[in-house]
Amino acid sequence: MIANTNTQLALSDLTVSFDGFKAVDGLNLSIEKDELRVIIGPNGAGKTTVLDLICGKTRPTRGSVKFNNRELVGLAEHEIVRAGVGRKFQTPSIYENLSVYENLEVSFPRGRSVFGCLSFTDTPDVTERIQRVAEEIYLKDHLEVEGAVLSHGQKQWLEIGMLLMQEPRLLMLDEPVAGMGPAEREQTAELLNRICKGRCILIIEHDMEFVSRIAHKVTVLHLGKILAEGSMEQVQNDPQVIEVYLGH
Amino acid sequence: MTTTTSNMIHKISKRAHVAAFALTSLVLAGTARAADYPTAAVNTTGLAITDTTVTVGQLHSATGTMAISETGSIEAERMAIDQINAAGGILGRQIKIVFEDGASDWPTFAEKAKKLLESDHVASVFGCWTSASRKAVLPVFEKDNGLLYYPTFYEGLEQSKNVYYTGQEATQQIIAGLNWIASQKKAQTFYLIGSDYIWPRTSNKIARKHIENVLKGKVVGEEYYALGTTEFGSLINKIKLKKPDVIYAIIVGGSNVSFYKQLKAAGITSDKWTVLTISVTEDEALGIGGENLVGFYSAMKYFQSLDNPNNRKFVEAFKAKYGEKSVIGDVTQAAYEGPWLWKMAVEKAGSFDVDKVVAASGGIEFNEAPEGYVRIHNENHHLWSKLRIGQWNADGQCKVLYESDLIEPNPFPKGYQ
Amino acid sequence: MWNGIGRSRRKHLVNNPTKTIPMSQYSASELWSIFIMQGFSGLSLFSVLLLMALGLAIIFGQMGVVNLAHGEFMALGAYVVYLCSEVVHNHFPALVPFYFIIAIVIAFFTAALVGLLVEWSLIRFLYRRPLDTLLATWGLSLIMQQTFRSVFGAREVTPALPEWLMGSFKPTDSIDIPINGVFVMGLTLCLTAAVWLFMYRSRIGLHMRATVQNRVMSGAVGINTQWVDRFTFCLGCGIAGVAGAAFTTIGSTGPDSGSRYIVDTFLVVVFGGTTSLMGTIASAFGIAQGQSISGFFLEGTMGKVAILLTIIIVLMIRPKGLFASKLRS
Amino acid sequence: MNTLYKRLLGGKSGLTNLVVLAVLLLLVLPLSLDIFRLNLVGKYLTFAFVALGLVLLWGKAGVLSLGQGVFFGLGGYCMAMFLKLEASDPVSTKIQSTPGIPDFMDWNQFTHLPAFWVPFRHLPFSLCAVIALPVLVAGVVGFAMFRRRVGGVYFAIITQALALLLSLGIDGNQGYTGGRNGITDLRTLWGWDIRSNSAQYTLYFATCALLIMLIMAGQWLLSGKMGKLLNAMRDREDRVRFSGYDVSAIKVFIFCLAAGLSGLGGALFVLQVGFISPSLVGIIPSIEMVIFAAVGGRSSLYGAVYGALVVNTAKSLFSESLPQLWLFLMGGLFIAVVVLFPNGLAGAWELGKRKAGPLLEKIKSRRRILLPDAPLVSAFEQEKS
């Protein structure tokens, strides 16, 4: 597929195999600017592996990942991040023994080199940004709280916030609402809809109800291949998908 | 005066070994003589000396890998000092020992030497075994102007005002031995083996020069192995290919055991091969096991089996003190000589001051030395001594086959560097 | 600068020509028998390394415990053999020719028993803290060494071996092969085979491997993981004990004999990739042969240095070892 | 200023710790010990430099190196080479067959100085090398390994192999390195006799001053973003990586830092003890250096210093009174510090304070006046802050 001007992320023929087992197999996928794409699929479909491949955690056996027409395959993780890709892990991974403020501060995209880090100081723009993000992720009253004591949902938000600090152009979230109550899901949905402006978001989610509320477009993955792609209802009515999900 | 004292000394040391009544009388004699030597007069440099006692230091490894080798020296020095005390001490003063453990670790040796000299102010120190430990303490002794009696046969290339070397330096131990083996075995080719540190390397250097320049022989191999090596397979294979007339071995410490064991396992035995070593004394033999040494030769200045009155007395006393099973090696005997040589020097000088003792030491003779007779060299602080060649029996003792004349110590041999 | 060094080295060599031995000075036939004999002397090292590494690999690979006291378990085995030989020689001289076999078995169980004690009193508190096990077991090794020293004395001991183990046989007159080496070799192969069968064909072995794969899950399906760990540790230590027994045939045993092998052994394990038995065997073989061959053409110490350097460099390029398989992270 | 005060002195509690340490090292010990013992303390403090490095590397960055002896040795040898060359001038070595080169070279039939020794005739070069060489080596090793995510046990074992490698290498090249004996009999530094008492006092105080300055630098480092980052890395390395940091670069930096500290310690060791030998480079010293940090509390800068002091003092005392027991004790120490007090002295101290806190609070008001800035009071200070 040729990347048209609007295409931000383009995966072509992406393949990876572990000891012969193909976890992702010849995947082609492209995501537009401002788009919020959700990947669904049964366990072992290779959803998480796709994210790993994009963010450089795993090296593909074959194929390419183009982000704004820049090849990501072969770059180191931190370089990919610096290219504007943010990734949230399945289990909320935040710095348990740093405060919310420090969590966000460490994620601020300045002083990333050793010496930058040594000379880094908390200038007003940093604090200002932290305040704004904290507000966005509903944690502005918890800035001094240690990460460890946050609720599961708040941790999820904090991790999203940490990504927002980096102002990524592509945001990848692995099960962002796992372990959240209805209220929190509500807020998360709002949050996601708010932040997909000006960037594209790639989400892995199981909860269909939640998916249908946020997804612009849905991709169904099965055994490392794309089974179906389209709007939520298209996908839901796709016989193959039903086959896979209900399983016979 | 000096002559009378030295005669006196001889009498004392002779009688020191015998009955108790004589002993007591001597102690009386000793105490009587303390008066002639007021502390203020015999000690002008603030050493740890009272009207009745003089403190000396003993610095050896009681722990760590060297402990096994140094135990003999510790015991011998203790015994000599006990005998001297029994005979009335030095200038009427009983000798007190401060023992420090060098723990087979050179920095520790330096630290302990400092302690002995700077906080215990000992009058002299008997100690060290490896060259490394001596090298580590040497600067300390020179800085604090201490006095060290060093018992081990060693590489030479050293001559410090503050050290007396009661063991043989390399040339004394090597040259006569090589001459003998060359003439006995018509040996032309030699294979030199050593542990990887200064003594074996320097000794082999001297051996090589002597073989090539004097004996007109050939060195077909020279090899060094880190202390503690237990794998000699490669070496043995090389030896077998080179088929040297003489295998000249200076393996030290635990490696010895593996080395001779593997020689035997590989069929290198005295019936077909000649092995001459300058690093195996009765002490090592105990660990190696006589059966692995049978028929090999050692070149030493002393063997426990030496047959002379002094040695018989010495061995008897030693076994009486440390048990029938205990063995006496070259270094042990050299260590035993240290305190006696110091005693004689002090009494000749009539003072404990290091400078005076050093000044008096040159030419001092020790007629009661178990090895027979030794004399301190007038300049270089080493001993005139003989070299003997012993052949090992299965019981871990040597049969002495050859005894050289008195050899002059020559720590900086010209033509051998 | 390098010229300078070159010059001084050349100068150095003039006086000390055997610093390194150029191949050229040997005839083809000599070289051939060199390789044969070096091969064999390498094999006896290989045996000890492999036996040590087996135990270590099992413990490290299976439990993630770094046992720096492993060498002392080897020394323990050696001392047991020594004791046996003393007892036999003094009381049952008739048994002398056979005692060695029995001694090996006793060595295994003694080491395993001590291993059990250690696991129960120390290791079990440290699971999943590998760096801490590393320090704690180092402390343990110090204590064991000093214990050996107080019990057996600082002097190295050496069991009197039965005659049939001594000597060597010569296929050709330039080649001869020490019998004890061959014996140890055989012993090693048997034990390795046994371990393999045990790990991959027995029920306990299955449990052990399951526990490695997924501790929680195995616990859930009713495997008593704590027991498995304890057993694993014992087995590893036991094998080290046998390594000690084998060691007595080539070297003498002192309080610190074990510690001399520990680093090499760890390198073998890491080099082979901690998870694969074949890898361990291969790397033990490679390292032993490398050391033995290089030990021939370089001078003793530097031969070892060369090998160490090679290993370290390879490990920097392939940190997970040569035989580790690519897994899904 | 305020932030500098906060970061350099580590706030109020940091300040009191600093004061206590300074008083102990610069007043209490010099006044209460004779020069011999003080010189020993000086020697112990040189190990504290290594321990300091290990606190950063192991305690903070979570990377355990069993090869710090390598860097200590490199630093020490660089210093020793300079001193040796100064000590072996043609006059004092005239007895040699080649005067003017170090004695051990003469024994190995060297007839001129190996080229890599020549630059060490110059003090400035040598002093730079003391830091630069260890840092360089650490840089190469660290880069190669952290790039490939080698960490934990693997890193520990490989660094341990390095220690073995270097000590063997030194042993095996006697002519160039002095071999097993090491480089001994060092006398003067630019004509200044380092063996004299006055010199030893000077060196002791210099060591203390350097140590204290470095501790302050360390506090500055840890109180800044680097501190948080290291904390974060220990906790969730992946997250840090996916926040756009080059984790390996940061680890290399810390490793180099630790190496530099060790090198400096080595140089100071040589100046105070007067020689260096492979027995300070190999596996055993390297792992003992780890225990200094562990006993002090693996993540406390001050702990490192106290750890080095306590363990070494214990070692000296025991080896003087009951040498046999020492190894048992040392071994026990390793086990105890790992199993029972993972946070070492620092941890115990914190615990003690929390336990004794209320009680102390009571006495405080009365005692306060009686003894100004003794350790007790500092405890109260920390209570408050």
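As written, the chain order gives the labels A, B, C and D, with residue 1 at the start of each chain.
By our rule, a residue touches a chain if its C-beta (ideal position, glycine included) is under 8 Å from a C-beta of that chain, and two chains touch if they have at least 3 such contacts.
Being a predicted model, the structure only gives us computed values, none of them experimental.
Counted as hops between touching chains, the shortest connection from chain B to chain D is 1. A centroid comparison over C-alpha atoms places A as the chain most distant from chain B. The centroid of the Cα atoms in chain B and the matching centroid in chain C are 38 Å apart. Computed centre separation for the pair chain A/chain C is 49 angstrom, with centres defined by C-alpha atoms. We define each chain's centre as the mean of its Cα atoms; on that basis chain A and chain B are separated by 78 Å.
Centres computed as Cα averages put chain C at a distance of 33 Å from chain D. Within chain C, contacts with two or more other chains are made by residues 15-16, 149, 299, 301, 304.
With touch defined as above, residues shared between interfaces to two or more other chains in chain A number as follows: 57. Within chain D, the positions touching two or more other chains are listed as 108-109, 168, 171-172, 324, 327. For chain D in complex with chain C, the residues that touch the partner chain are 64, 66, 108-116, 118, 141, 144-145, 148-150, 152-154, 156-158, 160-162, 164-165, 168-169, 171-172, 175, 283, 287, 290-291, 294, 324, 327-328, 330-335, 337-339, 342. Only residues 1-5, 7-8, 11-12, 15-16, 60, 64, 66, 122, 125-126, 130-132, 134-136, 138-143, 145-146, 149-150, 263, 266-267, 270, 299, 301-302, 304-305, 308-309, 311-312, 315-317, 319-320 of chain C touch chain D when the two sit together in their complex. Partner chain B is touched in their complex by these residues of chain C: 15-18, 21, 26, 30, 33-34, 37-38, 40-42, 44-45, 149, 153-158, 160, 166-168, 174, 176, 178-180, 250-252, 254, 256-257, 260, 291-292, 295-296, 299-301, 303-304.
The residues of chain D lying in touch with chain B in their complex are 34-37, 39-40, 43, 95, 97, 103-104, 106-109, 168, 171-172, 174, 179-182, 184-187, 195, 273-275, 277, 279-280, 316, 319-320, 323-324, 326-327.
By the touch criterion stated above, chain A contacts chain D in their complex at residues 55, 57, 76-78, 81-82, 86-87, 89, 93-98, 102, 105-107, 109, 111-114, 117-118, 120, 159, 162, 166.
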